[in-house]
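Note that chain A is present in both complexes that follow, paired respectively with chain B and with chain C.
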Partner chain A sequence: MIKVNTEDHPWYSGMTVRNLLDEKVYTFRHIIVRVNGEYVPEEGFDEFAIQDGDDVIVLHLMAGG
Partner chain B sequence: MGAILKDYSYTPAKIERGYSGKSLYINVSDFRIEEKEVTGFMKEKFTGGKGFDLWYLWNAVTPETRWNSPENEIVMSVGPLGGITQYSGTGKTLIASISPLTDIPIDSNAGGYFGPLLKFSGWDAFELQGKADKDILIFIDGNNGRIQIEEAEEYPEDTHLLAEELTRKYAVNDDDMVNISVVCSGSAAKTGYMGLLNFSFYDPRRKTCRFKQAARGGLGTILRDKKVKALVVKYKGITPNLNNAADISTINKVGVKYHKEMHDLDSKQNKMRQIGTANTVMIMSQYDLLPTRNFQTGGDPETVKISPEVFINEWLTQGLHDGCWYGCTMSCAKCADHFLLTTGPYAGERVTVDGPEYECVAGLGANLGIFDPQAILEENFYCDTYGIDLISFATCTAFIMECYQRGQITQEQMGGLDLKFGNKDAVLELLHQMARGEGFGKLAGLGIRKLKKIFVEEFGANPDLLEDIGMEVKGLEYSEYAHKESLAQQGGFAMATKGPQHDEAWLIFMDMVNKQIPTFEDKANALYYFPMFRTWFGLVGLCKLPWNDIVPADNHKTSEPAKVPEHVQNYVDIFNAVTGQSIDKDELILQSERVYQFQRVFSVRMGKGERKDDYAPYRSLGPVSREEYLSRQELYDKQLRELQGLDPETMNLDEKIAKLRAYREDQYEQLMDAVYRRRGWTMNGIPTPERLKEIGMDLPELLEVVEPKL
Partner chain C sequence: MTLERYLRNQDAISDAEQEILAQKCVLVVGCGGLGGYVIECLARIGVGHMRVVDNDVFDESNLNRQLLSSSMNLGRPKTLAARQRAMAINPLVEIEAYQTNFTAENAPELVAGCDIAIDALDNIPSRLLLQQAAKTAGIPLVHGAVAGWMGRVSVIQPGDDLFSQLYPAQTEIQGEEMERGALSFTVSLTASFQAAETVKLLLGKPSLTGELLEIDILHSIVKKIKIT
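Showing the complex of A and B:
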């Protein structure tokens, strides 16, 4: 299990940031990802492996009209 | 040409550090024209823009004044930063009046050229009071220092015709047309309460007038009630430093940095230069936030038919500059050129449609169950040219549709209109009826609050259901975001001073998706900071979009990326560079809070602005109907289990809806308590004298209003 924006989310071996974003249907293009406080650049989403117990923050920089 | 009823000469004041120091007063009852001094007190307490508007309005009206009282004013001002050409989004005009929908002060804003040209003609603000006995127009010639009031009976009503005719009338040749700006409304503003103000700017590439709208709260209705058909300003000679800024080099430097961001990053971020605010339509649907069929759900598989790509590829002209004031590289005022109208009085004509903005696609599209881009553009055009606020129209029509589909009103009671969700023909006919001032369209133009009363008292509808599904607060219709899963945004809408418009706070992602503000105190802090910060744009004459619809590449490294700290500093730097003051980001918030609290006290003075006025319809807070509950059953069952300790397996659907409702209504009450504390209000929503003193707004006239309410 991992935390995503403070809520529990199932984890599996080999899960990448990209996998997680797909599962959560986080389609907004302008987001910031931090794993255990470490910033993950967008070009690293496909490779960055999330570990069991990680604390993932996905910030959507959407502030509306 | 109509007869000249008044001819007045003046010496245009020179702008110094963003202010002309003069405001213009015109009374159209007796054609009195006066020049007023803009005092140091006004600048200190109200800064400019909406602050000046509200101060003049306060002094013009009494608690008994209603929207159509002669003493009600339309006040407009551009603010001290308005008209600079080195940064994006600097041409906003702020307008305030007592609204026909809410009976309290409404403020709305628009791009277009009118505000800056008005200031450069020598006027920091413009008060319009009284009522003429026949249609007139007012022409301000800023180069020659001349104001004329002219008979205007013979001019057309609808904006696309009227503005084009007046622009040609006052321009000496084609090149001069960019120096003219017209403010007007349209046919529907004469009978409905949703009348808007169109602000024109001439587009020399397309050779036509373009329009931005000050749409909310019925400002166009008030203009036409005063029998003013149009306001026209002409000023030739826009140059980079007409504001006589204290430090033009800083403005240039900040502007260059910002324009580089826009050039480098917009295509990777929000694509404002391609599609404008409608870029978010699919995102909203994918995140369950696109209001669909009267806010019942947050999206629909058919949304793909009205996606940004559809408008970009099939309808909107690309590659032309679309800024609504000089120097705006965001350039988001998109339009569909050569659009062929298929209904109404202009059927068969090809026109330029300004838009669609996000609110248009969401409101006139998804919220009405219409997933047809052509129909949305036609609705968009007619709302604008008829002078109808498309947000109020969309939300009101969605309410009517749901009432009809739930058997609360009949087709016969709607004069034969089959206003079921998705029926674009019926919606367009409703618009045309509004413009003609006839049939059910005339009734619909009164807005949801008045319709609820009529449907209950005359049509026998269920009052409780109508209170739950009628998406209005204080009499103003909600703007187009499904938000029932975001407690913070529920408050952002219903506790907004003028009514549920999102320009005070848009916290849905911070709250619902990012989970950045989990506690009541977190949400209250957000509902303090963001309304105060966003209010500031309206004080100085700026557009909000360049703040956060593009952000610096390293914004993610900041501690509070949602605030876009570098852009906040840009604003501090520009304000100081124009005015010669030396505020910081905290003083910026203080400037805003002075006006924000003033507006709340103003509402209290007019009979609203208390806790009773900040409640939301239950559709805003949670699922009203069985279908709504079932659409998010997994989420709602989980909340019953985890937040309320209940076992949904042992409950029937109606029990689950009732339990969830009790919980959510209690949450909203707790949010109100937290927000009121944070804003320095009593638990009845009244700004306290102590808070007013802290921010330097313990003015005798304000204390006189709040003290009896303590």
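Showing the complex of A and C:
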């Protein structure tokens, strides 16, 4: 089990950031991801492996006022 | 004795708290979507002094969401409309209007003497400047941002650096709002949360410090995310 934006989410071995984003169906083009506080740049989404128990924050890039 | 205009603030706000609000100064940077509603709320509740900053004039594309815009004031400065609106609502509120961009050069002067700064900006570089200016001045910053059906609010204390987490690349100027626009209810709801956080901070009540309020109006979800 992992945390995604403070909520429990099922984990499986080999899960990458990209897999998680696909599961959650985030539609925004600009996504900010942190795993245990560490920023994961977009070019690393396919390779970055999420571990069991990780705390993941996924945010949309918003700057409108 | 409570002024009649503030009767319906009671008892949510006590007489003593009303007096505290009257003594406070709030800097509102941006008088567009978020800023317009924030200024409206703070003028009505009785924040005594506001300093409002924007270099823009209204155009037709603002009419879908910006409270201060109308078909009658297209081409006119947003700060002028902000000042006129706030004075019309509540002449007890002092309004200083600065028709300028928020820059590294004018930031110290604009922040000086304010108790809280409000981020109602529409771009990332200016937000980074404002966070630094608020930090230097030692005052909290109430952040708000919108894109489409989504909004976000948080409180940044002077020692915090929320924007390095929200805008880590620091190369982007705009966010998703360029593709998704901004809707009237997204802007008004997000700005209302900003105004409420501002009043809570001014009155020493618990605020959103260390947390993001994520507002997803399309799915009717408002969620707090702890962020460190």
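Here is the rule we use: the second predicted complex is superposed on the first by the 62 of 65 C-alpha atoms of A that agree within 3 Å, B and C clash if a C-alpha of one lies under 4 Å from a C-alpha of the other, contacts with A are read in each partner's own complex, and residues count from 1 in each chain.
The rule is short, and it goes like this: a contact is a pair of C-beta atoms (placed from the backbone, for glycine too) under 8 Å apart; a residue touches a chain by one contact, two chains touch by 3 or more.
Keep in mind that this is a model prediction, so the values were computed, not measured.
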Partner chain in contact with A:F28 - chain B first, chain C second, else both or neither: both
Contacts of A:L59 with chain B and chain C, given as first, second, both or neither: both
Touched partner set for A:A49, first chain B, second chain C, both or neither: neither
Touching partner for A:N5 - first (chain B), second (chain C), both, neither: both
Partner chain(s) touched by A:G37 [first = chain B, second = chain C, both, neither]: second
Touching both chain B and chain C, residues of chain A: 5-6, 28-30, 32, 39, 57, 59-65
Chain C-facing residues of chain A, complex: 5-6, 28-30, 32, 34, 37, 39, 41, 57, 59-65
Chain A-facing residues of chain C, complex: 30, 32-35, 119-124, 127, 144-147, 150-152, 165-169, 172-177, 179-180, 182, 212, 214, 223-228
Residues of chain B that touch chain A when the two form their complex: 268-270, 277, 280, 282-283, 286-287, 358-359, 479, 481, 502-503, 506-510, 513-516, 518, 544, 548, 551, 555-557, 561-562
Touching residues on chain A, where the partner in the complex is chain B: 5-7, 25-30, 32, 39, 57-65
